[in-house]
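Two complexes come next, and they have one chain in common, chain A, joined by chain B in the first and chain C in the second.
Coming up: the complex of A and B.
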């Protein structure tokens, strides 16, 4: 009887169009989550070691190199944690909204294991000290070939995962002719299409340039081409991290606060704009480089600024949802509706803090991309402070916010009031730690302090001595953040194995009953992809031909600067 | 579309256009664009190629100087010349790398550029305030990257 009641409750709370997730599926999705949270712990520990070293009060034991630790930190948090979490989340929402077949699930497992083999190869190479090249692996520093081959496998695995997502949607559309695709499935497809087109760049660099060169088959490498291909990928990479957070904000948070989706069309439109403007913008990471035509640098700066528009659309839409929901619940006044928001529900609070962090984060991004202002902050620790707000706060707190319900939903457990409270403490600890660390990084960067640098007194100059205090503050903030990581991993372990059995809701928001219908042209994938490719060709063709035609002699590899002999 | 949404998006777009007009005006009309010199050099023959066969400080005019400098792990090589200039000097740095990618930043100024193997980069800066400025490499170049630094003194 109890079970039957529970079933009925599930059927009521889980609206039409949302499919149950079966056990074998849950196992697949959780596998991605396990790797993500192991990465969080290891990568966080590396971050802690870095801020300690940079305080000047601590040296790494056993002759471990600072830059080896930094490489682990960047690769495992920037590439492993994010990619695994995102693919696990993508599969979960696809399974929930359009379903997954047994065959698709098998291919998805193949994607998972390809990525794991690649990750292990890369990790072992870094740990043996054979690849202290940081996650950007700029040529002509040369890592062991296994580093590049491992990275290529991770990318190929992520493509296979994306292909499965596309197939899932295609199968659903065949069964539902004329219907618009579910919003979350549409968004996953945008993100995977963007990821595929963007990572082609880094894949070409790794397969055609780095692997043959690192094996000694090619004597030299074209440095500027490799950097250009990397940043063709490197900027959309950050949108690949951000868009899953936006998916949660658009399509999941409204349900958690008891509201509806503000506008299905606006959400789709903003994602289409992200597809257009995330990729043809890589030069804004190369503004201070020789060899690239200044006019084309500016053209890509213009395209970069376009990407601000969909983010501002998102901000409008979110606060509109908050206000409409509050007013409907009877809260009045200019800001009275803020009171209705479920501040004590961590599924809301963590992502909400993430949204707030994106205000200074986004403003900092505009500064970084602003052509000449970039000269003041390029390669300073200001940039590190910037992306610790955007990816390490906005994106991470939203991913944590997702984990609080997704993990127990998949493991058949519940988020207990106690764990919810611990989650709120976690969010506050994160906010405090990050405000101190990122704030100190921003200020030190404006004073000229470099990023990616071990502790140095720079010969005792006055300017460098002013930076030490900020590095101490970063050590304090970083330590608080590491406490936050331990808390989060503890919560994850509880939700995965120990929380009480039960049913945790998979919140998916619905549209208003009288919502205007979404125009059917949003399903015109050929058009969206054609415009994306046209913009990329416009932004890159002429300057890329120019780079190739005016290439200097290539660079031979350098092993010893990173400690390889 | 909602009226407030229209207002919001119009203001946002105007703001972005304003930023771009300003950045474009500074870059093209005032010639304050980021350093983008396009000359190339064979990275394996830096020591034999002029002007890098004789790195050092050269006076090119009244209050005008050129510094020919090579970035190499883990130092800046200006032929052993001290970088000391009178206040008000305009200094052009002509640089390349003999090995990996380096950064060249003068803390407390807007001078900040990449020094890449195969390319000659030029940056010009006028120094008005006396003092000692730190020059540092801000692109990871290997295990001694944090030691790659120098100073420039304005009297």
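Coming up: the complex of A and C.
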């Protein structure tokens, strides 16, 4: 009887697009999560070492090089943690909303193991000191060929995962002719389409340029082409990180706060705009790069500013969700509705802090992409401060927020009040640590402090002496953040193996009963992909031909001062 | 008595939600974006 009641409760609370996740599926999704959280611990430790070194009070033992540590930090957090978490999350929401077949699951395992082999190859080369080229692996710094081959395998694995997601949606659509695809499945498809189109750029650079060059088959490399292909991928990469957070904000958070989706069409439109404007904008990372026509830099800056639109649509939609839900609960006044929000529920609090962090994060992004001001902050630690707000706070806190319910849902356990409280403490610790560290990075950057570099007094110049206080502050903030990482890993371990057995809800929000129907043209994938490709061809064809036609001689590889030892 | 006209009227009566707080919030957000941008631009001009 009790079980029947529980089942009924589950059916009521998870009625919308909600398929049960079977054990073999959960094992697949959790495998991605294990790699993600192991990466968090290792990458976080590297970050701690970096801020210590940059404080000037600590040197790395056993001849470990700063740039080796920096490469591990960037690759394992920026590429490994994010990609594994995102693909695990993608599979989870697809499994929940459109289902996964046994065959699809097998192909998904193939994707997972391809990525793992690639990750191990890359990790070993970095740990052996054969690839201290940072996560951007800019030529002419050269790494061991296994580094690039490993990265290529990670990308290929991620593509296979994306193909499975597309197949999952296609199968669902065949079974549900004329129906609109579930919102989360639509969003996953947008993100994987964007990822595939974008990562073609870096795959071409790695396969055609870096691997033959690192093997010695090609004597030189065209540096500007490699950097252009990297940033063709590098900017959409940040949206590949961000869009899963937006999925949670649009389609999961409303359920957690007891509300409804503000507008299904608005959410889909913002994702379509992200698909359009994430890719043809890579030049805003190359504004100081000689060899690119300023006209095309200007055009890509304009396209970059278009990305502000879907972000502001998201902000509006979230405020509206909060306000409508609060007013329905009887809260009055201009901001009285804020009181209704479930501040003591970490599933809400962590992503909410992430949303707040995106306000200064987004403001910083607009500054970075403005050509004149880019010259003020380019290659300064302001940029590091910026992406620690966006990816390391907005995205990470939202991913943590997702983990608090997704991990126990997959492992058949529950988020206990004690773990919820610990999660709230973790969120606060993260906020304090990041405010100190990222704040100090922003200010030091405005004072000209460089990024990427190890500790130096720069020959005792006066300007460098102004920076040291901020580097100390970064060490303090970084230490607090590492405590946050330990807490998060502890919570993950508890939720994965030790929390009490039970059922944790997979929250998926519903639309309003009287919501306007979503226009059917949103399902016109050919149109969205055609516009995306047209924009890319418009933004890149002429300048890319120009870059190739007017290239200087290519560069031979450099294994020094950083690279291989 | 419910007439067809009255039913039609009820269907059209779509209550607009009160979004004053949202309006003020997005305006504040916009102001923050503009102020940050202008602040760094002044720094750029000053150098």
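Miscellaneous remarks
What we mean here is this: the second predicted complex is superposed on the first by the 560 of 565 C-alpha atoms of A that agree within 3 Å, B and C clash if a C-alpha of one lies under 4 Å from a C-alpha of the other, contacts with A are read in each partner's own complex, and residues count from 1 in each chain.
Keep in mind that, in the parts below, a residue touches a chain if its C-beta (ideal position, glycine included) is under 8 Å from a C-beta of that chain, and two chains touch if they have at least 3 such contacts.
None of the values given here were measured: they were computed from a predicted structure.
In the superposition on chain A, A:59 makes contact with neither chain B nor chain C. In the superposed model, A:224 lies in contact with chain B only, and not with chain C. Taking chain A as the reference, the larger set of touched residues comes from B, when chain B and chain C are compared.
Of the two partner chains placed by superposition, A:524 touches none, neither chain B nor chain C.
When the two structures are aligned on the shared chain, A:334 is found in touch with chain C, with no touch to chain B. By the touch criterion defined above, A:22 lies against neither chain B nor chain C after alignment on the C-alpha atoms of chain A. In the superposed pair of complexes, A:465 makes contact with neither chain B nor chain C. Looking at the shared chain after the overlay, A:541 reaches neither chain B nor chain C. In the superposition on chain A, A:141 contacts chain B only, with no contact to chain C.
In the superposed model, A:514 makes contact with chain C only, not with chain B. Annotation: chain A residues 312, 316, 320, 366, 370, 372-373, 375-376 touch chain B in one complex and chain C in the other. Contact residues on chain B toward chain A in their complex (touch as defined above): 2, 4-5, 8-9, 12-13, 16, 19-20, 23-24, 26-28, 32-44, 73-74, 99-101, 103, 105, 107-108, 110-114, 116-121, 132-134, 136-147, 149, 151.
By the touch criterion given at the top, residues 312, 315-316, 319-320, 323-324, 327, 334-335, 337-338, 359-360, 362-364, 366-367, 370, 372-373, 375-377, 446, 514 of chain A touch chain C in their complex.
The touching residues of chain A, counted against chain B in their complex, run 65, 67, 132, 134, 138-141, 223-224, 227, 266, 286-294, 297-298, 301-302, 305-306, 308-309, 312-313, 316, 320, 366, 370-376, 378-380, 447-456, 458-459, 461-464, 550-556, 558, 560-563.
Put simply, chain C touches chain A in their complex at residues 14, 17-22, 24-26, 29-30, 32-33, 36-37, 40-41, 43-44, 47.
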